[in-house]
Every structure is written in C-alpha cells, then in structure tokens.
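One chain, chain A, links the two complexes that follow: it is found with chain B in the first and with chain C in the second.
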Partner chain A sequence: MKEMKLFLGPQHPGMHGNASVHMYVDGDIIKRAFLLPGMLHRGFEKGMERHSWINNISLIPRVCVVEPDINEMAFAMGAETLAGITVPERAHYIRMIILELARLSIHLMSYGGLGSPTGLYTLMYHAHTDRNTILNIFEKITGHRVYHQYIIPGGVRKDLPIGIEEDIHAFLDDLENRYEEYRDLGINNPTVLARITDTIPLPAEVVWELGVTGIGMRSAVNKPYDLRKVMPYARYDKIDFEVPVADYSDAKSRVDCKLQEVIQSISIIRQCLKLIPEGDVRVPLGRGQSMRWTIPKGHVYSVVESSRGEFGYFMVSNGGVNPYRVGVRGASYPQGLLGIEKYLPGTRLDDAALWVDTMGVCSPEIDR
Partner chain B sequence: MKKRYSMFTPWRHFKYLFKKPLTIPFKDIFTKKNADYLNKNSIIKSKKRVEESSPREAADNLRGFHTNDWEECIGCGTCMDICPTEAITMAERLDVEDVSGALQQRPIIDYGRCCFCALCVDTCTTGSLKMSKEYIYTHENPDNFLLMPEKLWQGHVVKEGWVKDENSDLLDLERVHMEHEDPEERKSSFVEIVRGYSKEYAKQEAARCVECGVCTASCPVQMHIPAYIKAIWEDDIEGGLRQIYETNPLPGVCGRVCTHNCETSCSIAVRGEAIAIRWLKRYIIDSAPDDIYKKSIMEPISEVIDAKVAIVGSGPAGLGAAYYLRVMGYKVDVYEEKPLTGGVMRYGIPAYRLPDSAIDKDIDFIESIGVKMITNTRVGRDISMDQLEKDYDAVFLGTGFFKPRDLPIPGADHKDVIGAMDFLPKVRDYERGVLKLEDIDVAKSIVVIGGGDVAFDVARSATRLQMLKYGKTNVKLTSLEDQDVLPCSEDELIEGAEEGIEFFCGNGPQEILLKKGKVTGLRLWKCLCIFDEEGRFNPEFDKECEQVIEGQQVYIAIGQSPDYEYLPKSLSEKLTFERGKIKASNLGQVEGLPWLYVGGDILRGPDLISGVADGHRSAQGIDDYLFNKAKKKEISKTLKEMRLAAKEQTPGLTYRQLGKK
Partner chain C sequence: MTNSMSNVKMVSEIIENSYKVLKKEVISQYQVSFEVNKDDVHSILTLLKTSGWIQLSYLSAIDWPEENEFELVYIVFNWDKAVHIQIRTRLNRENPVMNSILPIFPGCKYYERETHEFFGIKFPGNPGHEKQLILEEWDDIPPLRKDFDPRAYSDRKFVKREYSNDFVNLNGEKSKQIAREERKEKIIKVRKGGRK
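So, the complex of A and B:
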C-alpha cells in the first residue's frame, strides 16, 4: 500500500503546544515519524543573555507554559549559587508549595489530556476544573494564573496572602476525596484501560540511550531516581514522601505513576504548610537597585525535578548584569525529539498522541 | 489493587445523580455583568461604572492594568528602564508643573507588549505606579492600546491589585555606610571628619542610582550626575572625571561642601536615603591619579581668539569663569588679594570640612592648563580697575561676601564681639601653621549667634580651639529659627550636637552684657516670628520670655556682606546695587558696561555651587561678547569656523541654566 504522510499538530487536540509530528503511515501503522520543532522558537536562551538577571524573570517562565515554576526555580537556584546568597527559610517552603501545586496542575492536565486521544472528554473537563482551582490559588499568591514570575533569585516576590492556607487545604481535601473517582474515570475505566495497556512501551534498556528522566524512566527501570530525593533542593530533604516506580513502562503504568505522584504532592504541600516558618521571603541579590545587580564570574548547572524529569539551567556569568550564556535542558527533549523518531514507528497512528501525553512532551522546551 | 467487576458495576454510577455537579460555577466565569460586557463593543462606552459591568472580580494580588498617581509620580523613568519587553516609554508632558525634584514626563504603556510582570511597579521610586484588578480592555482602534496610566482607570476609581511591599521592592533605599571620625577624637583636631568611600563601598553606593537625571535638573551647574555615578559603578574613573569637568572645575571642593540640591531632589530620597552624590564625586577626584588628569582633560584646550580676560577674586565663581575661559582659548589672569587662591574655600570653610589638599588639587589643575594666578594683589590698592579695563578685553568680578554683617544691639562694638569672617580666616591660618595657637584669642566660654553653616563653622572651630587650648569645651549657639528649621545643613546640626555644642534656638539676641569692661553673656528674648506678613525680615520677640546665657566672647555669624571699596567711584556710580548685590544680566553682564561681568555672591547671594554656575555662564557671556567685538574688526572666515569648532567642544548652557521657562 502507498505510504502516506500525516501531521499531528501543530493544530491538533492531541498535540501539546506548537510542534508538529510528521508521520509516514501505512494504513494506520506508523512507518516513520519525526518531530518538527521550531514553530514557537523565540530564542529564549539568546534572549536571556540580553536581559538583566532580574528582567529575565519575565522571560523564563515561557520556556514551559503549563509548568512555568520549574524554570523560575532552576534559574533562581543557579543565580543564588553563583551569587553565594542564602535564601530565607520561609521562601524555601513557599517555593515548594508553588512547585508542588504546579506539579499537581500539570499532572491533572496531562491526565485530562488522556481524554482526548482516548475519546473520553469527561475526564478532561473534570481535570481542567480542578486545574482551574489551582490557577485561582496561583492568582491569589502570585498575581497571575499562568506565568507566575514569582520565584526570583533571592526568594519569592511576595509573602503568601493571608488565609491562602485554607484555600489550599480545601482544594487538597477535595482532590483527595475525589481521587478514587478520578481513577475510576480514567485508569480503571475498561475502555480507557484497553487503549493504554501495553501501548507504546519504553524499554528499560533504551532509557539511558535516550536520556529520558522523570516518570518515563522511573516507570521503566523501577528505580526511585527523583532529584528531590537524590539531590534535594529547597527543603525537600525535610519532607517525607515516596517516589512511585514501576517495572514496565507502558502508557498505563506512566499514567499510574502520575496519579500516585498526585497523592505524594498533596502530602508534600500539607507538610510544607505545617512546617513553614515565619520570616522574610526574599533577600536582595546584592547591594544597589535591581538593574545593577551583578553576579560573580562562574558557571553553574542548577537542576530541578519537573513533572517530566530533570529540568536544568546551565548558566555562565562573566560578572556582569546579564547572564553571559544560558543553556536550558528541557526535560522532554529526549522523549520529544528522539523518542518520537525511535519509538513511534511500529505503533498505531492513534497512539501517537498517547506518547505525547504520557511522556509529557512540551514543545517550548524543545524549541527554547 | 485490582477492582472486581460485575454486571452491576455500571449501576454504581447512578450515585452521581445525587452529587453536586463538578463544574466551574457558572457565575465565576460568566456573570450577568460579564454578559453585559460582552454585549458591548467596548467597556469604555458603558455609561455604568466599570465595576458594574466587569466580569469576575480578580484576586487581591492581580497584576492587572496599571494606575499611576500623577501627583506622586516624578517622571524618573525607572519603570521604562526595567521593563523587560520595552513596553514603557516616557512621554513629555509640559502641562505638569515644573518643580524641583521631578521631571515633566510620565510613563506611557504599550499593552501590546506589556507582559504584566509588575517589575515596573516593584521598582517605582515613588510608589505611584500600581496595578489594578482590572484585566479586560477592548477597543476597535489598535492605537488605543498605548495608554498613559493615570490615577483612575478609564475614568473610574478601581480597586488596587499588585502593589509593592517591602519584600517585592527592587530598590536599595539604604545608604552605604560612610566612616566618620569619632566625635570625641575629632574635637581636638582639624582632621577631616568624613573619611571618604573605599572603592568597594563607592561601587555599592553607585549601584543604588537609577539614572533618572532628576538631580541634574536641580543642580545649578547641571552636572551629569547619573553619568559619573555610572562611571564609578563601572570602575571607569577616567570617564567619570571627564563627565565631571564638563560642568564643574571644582569637583574636589564640591565633593565635600556643596549644598547638594541633587541629594535633596534624588528620586531614591522620596522613600529612602538619597544617593551620596557628593561623596561619590569626591571619590572620583580622590582616587584619580594625576596622570589621568593630564591624559584625559588637558587635550581640548584651544587657542583661537587672542583676547585677555581679568578675573577679580579667586573664589568659586572666579575660578569657574577662569577655567572655562581658558578652555575656550582665552588668556586669563586671576587677581587675588590674599597669599593663597581659593577665596571662601581657602579662608572661610574650616579644614575639618574642606582640607587644603582638596582645594590644592582642583586649583593646581586649573593653574596647570594655563590660568595665571596673581596673588597678594588687591585690585584698587595694587592695581586699579581702570588699569584692568585698559589692559584686558573683559573683566569678571567675583569678589564674594567677605565682610561680616553687624548686629545692631547694645554692646556689639566690644572687642570680644567678633565677626565670623574675622575669625574663620585666622582658624585656617592656624591650621596651615601661619598662626600659632597663642595668637588666636579664644575664650573659655563662647556664644555664637546665627543658625547657618557659617555659624556652625565658627562654633565647631571654636570647640576645637578650646579643646586644644583648655582641654574642655563650652560653646553655645543661639539663632532666631527653631532647631527643626535651622537654615544650616542637617549634617552640621547632628555633628555639632555630637561635639557638645549647646543649642538655644528660637531666641533673638537683645543685649551683650558687659561687666567691668568684659563680656559676661547675652540676653535673649523668645522669638515669636521672623518674617512679617509681607514676607520681610522683621522679627517679633516675647519680652516676657527672657533668658541670659553666659559667655566671655560672642561670635556673630548672621550673614556676610560684600566689600565694594575696591571699585573706583566713577565705576560704582554706573552700577546698580540691589540689597548689596550688583544688578546684571542673566549671563552676568553689567548693563552699560559690556566689558564688565559679575558673578557669585555679588550677583546671586552666597552659595558655592551657584558661584561655579555663574562663572560658567559668564564665561559663555564673555566669549559671546569678545567674539562679537572681534567680528567688528572683520575676523577671517577661518577664524570664525575655528571658533565655532572650539565652542562645540566646550560645554554649552542647558535650558535651565539659561533661565528659560
């Protein structure tokens, strides 16, 4: 039969962000596939060199739209390490609350996103409703719903608003109550289960070859390699949580890991709210006004655990007001660019969107 | 956990019929107000208040559209500088009142670019720029997305969203600590009190500047303050030095004793401590090695017009005029009656504020570019004014206020009642070893009358002499003004109090008490008001509230007056005097005597930096005058071109210097 070329994205409900997967199909079996990134290339890395350390906080969240806080965190951590400043204790806990709320929001979005390739839109509506509640909380804390620009070098921009703990607790209680319902709706639902079980597996031996991290790797190799555990940043070392793992990475086990992480994140946020001390939330990066903050010469690779894996910023400072060079390690780069080329061939056309969703491919991270 | 399924499993979903539906409540996203809003093209067209027709109310912290209180805003433009998307530009608004410490410009925001990051709000120097809770705005004309935020959003009072707090503030409001000599130690010597910044500290202090330029507008000589502060921050002493000499040839002096209008108007001072502009200027001069001077500033001297100018008096105005005239290529001779040049800087201000080394550095440089200093020559005694008129093409008078003003009260003619300008030159002479301690007659207890900087100079110098002579101090200071409105600078008041001066402010002296031919004290009445209803100096006293303070000497520092004895009668008849000052044009040219220019105290009253400004202005005026005069002799075209080229290299007068509105 004649080979046919099809596009998944950039305008497609199954594609996350403005990237396109070019697929050559024979029937509904993919023969060849490759990602065409560059559709939203805004030159983030180059742009960062032209903004001062403080101005960059308006640019960096755009490297990942749905989970912008990891960018802010990695950037801030790098700048703090180079400048040699100590962040106030309260800021660490606020940062963890923000990061875990962001993790919840992206896991919910991704779980809801499972609805579109599997045809179960109810799941998406529920998940987005809960995500909306998280965005409301973000709006109250940071002043924005999506690009928060809240975690900055030196701490966070503002203290938590009064009474936000009640909002967070109410949301967490509600989500926990309906957790089983969520499972029933998606991963325990026989129709969905049939679509995701044994679909596009990621063999354990190629994890190293591709450089996949995060849930993709943990579900494949059965090892709890999570940067929050192995290289704790902020105050994750004072928090008690588990890292869900699996020994066989198909779409189902990846979704399962995500749902288990939702429970862990709920627990982390509760512990943070319990342990959070009083005090300042920010220290200045140096003397002087923000546009004249300089950071000593040096380079640093600062890394955080995003919902999709290891997310890192390699930053070089030449002692000036701007970063000399910034390199971003997007967490979904391996599975997005290489994984699609390597592991989509042989699967069915309608499973391509499942790979994008369960591996968490975020196109701005690949473009950056 | 494996779930068990049976044929009844689907039935369990019927329970959801009785559960609350899980959706975003409709009213949260699409209220009646929201519907109203959507039915209209534009929210502004709505006659109702914005709140009534806007959608869901946002969170308290929302970074919505900006509001800017124009009453508070000083147009510093820091918001424009920090904006990461370059959405903000400053628009000139001449309808805003032109006041010191503010610029006539306001931010204009392009909402096509704005990313609502609120960095502009967090860095606003005054806190006038805020963000509201409003987040919806539509208009059919794309140009209408350039908005100039005002206190009201679209003409309505709206709720505040993101406002800056102490955590989000991106400015550094605290001044870098400056080392001062300890009060107890400095009391017994004339060592300079302010030690000056080290390189590291100067850079830290310079980093606080937001380069707004409000200070430049308030400086009499319009120094390029943000530029040289930036040069310090970039560790570029040479660049800073060039910037400074463009407008001020006495930076070492001004870095110590200037009245610093710049710091008063500094935009950081609206909410915090002003940038230490004066000390930063001093840092540049103190840390600039001599070879940098030679290398960088001596280049642009031109020799174009063959004309000679005489400067009478080597104070700030005279030296200012001399420097700029020399830079423009004229031959300049400065006449000074005293053995050392510098005028009030050399013989008035005490060394603990302005040491000789600082004056020397500035004046030596002016001398080294070719200005001839003729000392020990009093015009009117050693050389006549007529002679000057004959020998030179133009004459500049900058003779200053050097005569103490008398106090018309009983007992003021006693020999132990001393004028400030009689005492202070002796103190300076003692410091440089011309006089010995025994030569200066300082009593064990002293009363100083006056509340200005000169009064404090007298009181604090007397404190030091008493310490050296007797080992203890007893100095009292009395003034008409209350202590909180003293005309002196704040530093003087604080440091004077630290050194043990007793204050009797808000009292008017009535009589100097004498006993057996010796001064024993001063009788004071409570001062009720200083100026009458028409604003004239006419103090009223409360006779009931009388006070007598003891003292063996009384020093009078209630102001200085000029001494015009050196002017021949034929000349002074042609001059118009107004309250001791000579009437002249804005550039210092005397009406009817085009060759005569005046500046400094005798034109505008006592202020060091205004004197420098006068010198600068008069130099421009003299240049214009001499050029026009030369033109009558039909100078060659080449010469004219050369002069214009030279003029381009010299700093011009700014808008404010010309006094234009």
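So, the complex of A and C:
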C-alpha cells in the first residue's frame, strides 16, 4: 500500500501546544514520524542575555506555559549558587508549597488531557475545574493566576497571605475525597483501560539511549530516580514522601504513576504547612539595589524535578548585570524529538496522541 | 556511597588520573566542572559512561568573541551517585568543528542539531545536523552568537510601521505616553538645575 503523509497538530485535540507531528502512514500504521518544532520559538535564550538578572524574572516563567514555577525555581537556584546566597528557611517551605501545587495542577491537567485522545471529555472538565481552584489559590498568594513571578533569587517575592492555609487544606481535602472518583472516571474505566493498556511501551533499555527522565523513566526502570530524592533541593530532605515506580512502562502505568504522585504531592503540601517556620521570606539583593545586582563569574547547571522530568537551566555569568548565556534544558526535549522519531514508527496512528500526552511533550519548552 | 561530596572526589580522581584537566571547579556537592582539551572529550565521555554517568543531560555552546573561541559544554548525570559533571572545551571561532558524540550518547542528536543552528558549530558524524530545526528559512549569522544584533535584523527584515496616537481620549486624561515624556523632561530639568 502507498504511504501517506499526515500532520498531527498543531490544531488537533490530542496535541498540546503549537507543534505538529509529521507522520508517514501505511493504513493506520506509522512508518516514519518526526516532530516539527519552531512554531512557538520566541528567542528567550537571546532575550535573557539582553535583560538584567532581575528583569529576567518576568521572562522565564513563559518558557513553559503550563508549569511556570519550575522555571523560576531553577533560575533562582542557579543564581543563588553562583552568588552564594543563603535563602531563609521559611522561603524554602513556601517554595515547596508553590512547586507542589503547580505539580498537582499540571498532573490534573495532563490527566484530563487523556480525555481528548480517548474521547472522554468529562474527565477533562473535572480536571480543569480543580485546576481552576489551584489557580485561585495562586492568585491569592502571588497576585497572578498563571505566570506567578513569585520565586525569585533570594527567596520568594512576598509572604503567604493570612488564612491561606485554610483554603489550601479545604482544596486538598476535597481533592482527596474525590480521588477515587477520578480513578474510576479515567484509569479504572473499562473503555479507557482497554485503550491505554499495552499502548506505546517504552522499554527500559532505551530510556538511557533517549535520555528520558521523569515518570517515563521511573515507570520503565523501576527505581525511584526522582531529583527530589536523589539530590534534594529546597527542604525536600526533611519531608517524608515516596516516589511511585513501575516495572513496565506503557501508557497505563505512566498514568498510574502520575495519579500516585498526586497523592504524594497532597501529603508533601500538608507536611510543609505543618513544618513551616516563622521568619523572613527573602534576602535583599545587591545591597538593596536589585536592578544593579551583579553575580560573580561562573558556570552553573541547576536542575529541578518537573512533572515531566529533569528541568535544567545552564547559566553563565561574566560578572555583569546581565546573564552572559542562559540555556534551557526542556524536560520533554528527549521524548519530544528523539522519542517521537524512534519509537512512534510501528505503532498506530491514534496512539501518537497518547504518547504526546502520557510522556508529557510540552512544545513551548522545546522551542523556547 | 551516599555522601555526595565523596562522589565529587571520586569523579575528580577518575578524570584527573588519566587526563590533563585545564581547570576544575567544584560548584556544589552535586556538581563539578572540568575544562579539558578538545581531543580528550570523546575519551572522557566514554570513560564516564562506563563509570555510570549514562545520561546526557545537556549539550550547548557559549560564544566568547573577545577570545575568538566557542566553549562547548557537555553535562552528564549519574542517577545512583547524583553528580552532574560539566565537561567544557574550547573551539576556534573561525572554523568551529567538533566530532559528534552520537556513538557514545545517541540522545545528543537533536542537541547537536540545535547547537549547529544557533551557533554554527559543525558536528561531523551526526547525519542531518545541518537541517533546519527551529528557525525557519534563517538567512543571517546564527542568532545566539554575540555579534548578532536582533534590532538590526528586525529593522532589515520587517517593514517599519509608524504608530500614531489617533485614538480619542474620552475622559480628557493625559495619555500615559505624554505623562511619561513630561515626567522625563521634568527630571532632566531638575537634574541640570534649570540650566539648558
């Protein structure tokens, strides 16, 4: 049979963001596939060289649209390592609360995104409603809904508002009560289960070849390779949590790991709210003149565990007001570009959207 | 081995015993960087891969026009010992060529392609690394080089539009732009002490 050329995306319910998967299909079996990035290239790496360290705070959250807080955290950690700043204890806990709330929101969103390739839109509406509640909490804490610009070098921008603990606890209790309902709606639902079981497996041997990290790797190699455990940043070493793993990575076990991480994130936020000390939340930068803040010379690569894996900022300072070079390692770079090229061929056309969703391919961070 | 600082020491011993290290920096207990000769990079990366640093985390370049050099950075990670290692090397800026590390780390394919696109460094051994990836129909010097000027490029590439303030202000307030200009004039006046 003759090969046919097909585009999945950029306008497709299964494609997240402005990228497209270019596929050659024979019947509905994919013969060749590759990602076409570049539709969302905004020149951030060049733009960061042209702004000061402090101005960049408003630029970096835009690198990944749905999960902006990891960008702020990686950038702030790198700048603190180079400048030798010690962050106040309370700021560490506030950062962890923000990061875990963001992780909850993106896990819910991508679990809801499972609804579009499997044709179950109810799931998506439920998940987006809960994400909206998280955004409301973010609005109360930071003043912004999506791009918070809250985690800055030296701490966080301002303290938590009074009484926010009640809002967070109410939301967490509500989510925990409806957790089983979520499972029944998605992963325990027979139609969805038949669709995602044994779909696009990722063998453990090829994980290292691709460089895949995050849930895609943990569900394949069966080891708790999570940066929060392996090289704890903030105060994750004082928190008690588990890293869900699996020994066979198909779409189902990846979604299952994602849902178990939701429970772990809920528990982390509760522990943070219990352990959080009183005190300052930021240290002043550059003797109070933060616009003229300079950082000593050096090269640093700072990483955080995002919902999709290792998310890193490579930063170079030449001692000036602006960063000399900032490079972003998008967490979905390996599975988005090389993974699609190597492991989509041989699968079926309708499974491509499931790879994009369960591996978490985020086009803004591939393009930057 | 759980203590990560001893891991950094172990890495240093592995590399410094066999290769000439031009510069070593211990950045934190989870990160160490080595600046090495260009010819040693492939054998060092092979050695690290066999010692457990099996993940290539990042590959990119930095432009240093004053020294007429590019700096290539390879970052590898070991999940059991939790140390990020930066291997850095310098290339001549006039004819930047570096053999691909595709046989060692197959995951470098797209990183090298991107580095070629944004810096113009050639990676022989990586098939198709000169194809366009992100920038569509780019017709200037590679954009992340320091001598590329985005302002000049956009002036040349795009039609310049004149924006006129022709909107009607119903409330009779001063527009923000006019207010800003007035404020600026006032500041300059104060700064000069009333002199022209």
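Convention: the second predicted complex is superposed on the first by the 367 of 368 C-alpha atoms of A that agree within 3 Å, B and C clash if a C-alpha of one lies under 4 Å from a C-alpha of the other, contacts with A are read in each partner's own complex, and residues count from 1 in each chain.
Everything below uses one rule, namely that a contact is a pair of C-beta atoms (placed from the backbone, for glycine too) under 8 Å apart; a residue touches a chain by one contact, two chains touch by 3 or more.
Keep in mind that this is a model prediction, so the values were computed, not measured.
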- prompt: Just from the overlay, do chain B and chain C fit on chain A, or is there a clash?
  reply: clash
Task: Scan A:Ile30 for contacts with chain B and chain C and give back first, second, both or neither.
output: neither
Task: Classify the contacts of A:Ser290 with the two partner chains as first (chain B alone), second (chain C alone), both, or neither.
output: first
Message: Quick check on the superposed pair: does A:Ala220 touch chain B, chain C, both, or neither? Answer first, second, both or neither.
response: neither
Task: Could you say whether A:Leu354 touches chain B, chain C, both of them, or neither, answering first, second, both or neither?
output: neither
- request: For A:Lys46, select first, second, both or neither according to whether it touches chain B, chain C, the two together, or no partner.
  value: second
Task: Scan A:Ile141 for contacts with chain B and chain C and give back first, second, both or neither.
output: first
Query: Of the partners chain B and chain C, which touch A:Ile54 in the superposed model: first, second, both, neither?
result: first
Statement: Note: overlapping chain A surface for chain B and chain C spans none
- request: Would you pull the chain B residues touching chain A in the complex into a rising list?
  value: 3, 5, 22-24, 58-63, 78, 81-82, 84-85, 115-119, 122-123, 131, 161-162, 165, 167-168, 170-172, 176, 204, 206-210, 233
Query: For chain C, which residues count as touching chain A in their complex?
result: 4, 25, 27-28, 30-31, 33, 54-58, 60, 62-63, 73, 75, 77, 79, 82, 84, 86, 88, 105-107, 109-111, 118, 132-136, 143-144, 148, 150
- prompt: Of all residues in chain A, which touch chain C in the complex?
  reply: 37-38, 41, 43, 45-46, 50, 81, 208-211, 213, 223, 225, 230-231, 298-301, 303, 310, 312, 314, 316, 324-325, 327, 329, 333-334, 337-338, 367
Interface residues, chain A side, partner chain B - complex: 51, 54-59, 125-126, 129, 132, 136, 139-144, 147, 149, 155-159, 161, 178, 188, 190, 280-282, 284, 286-293
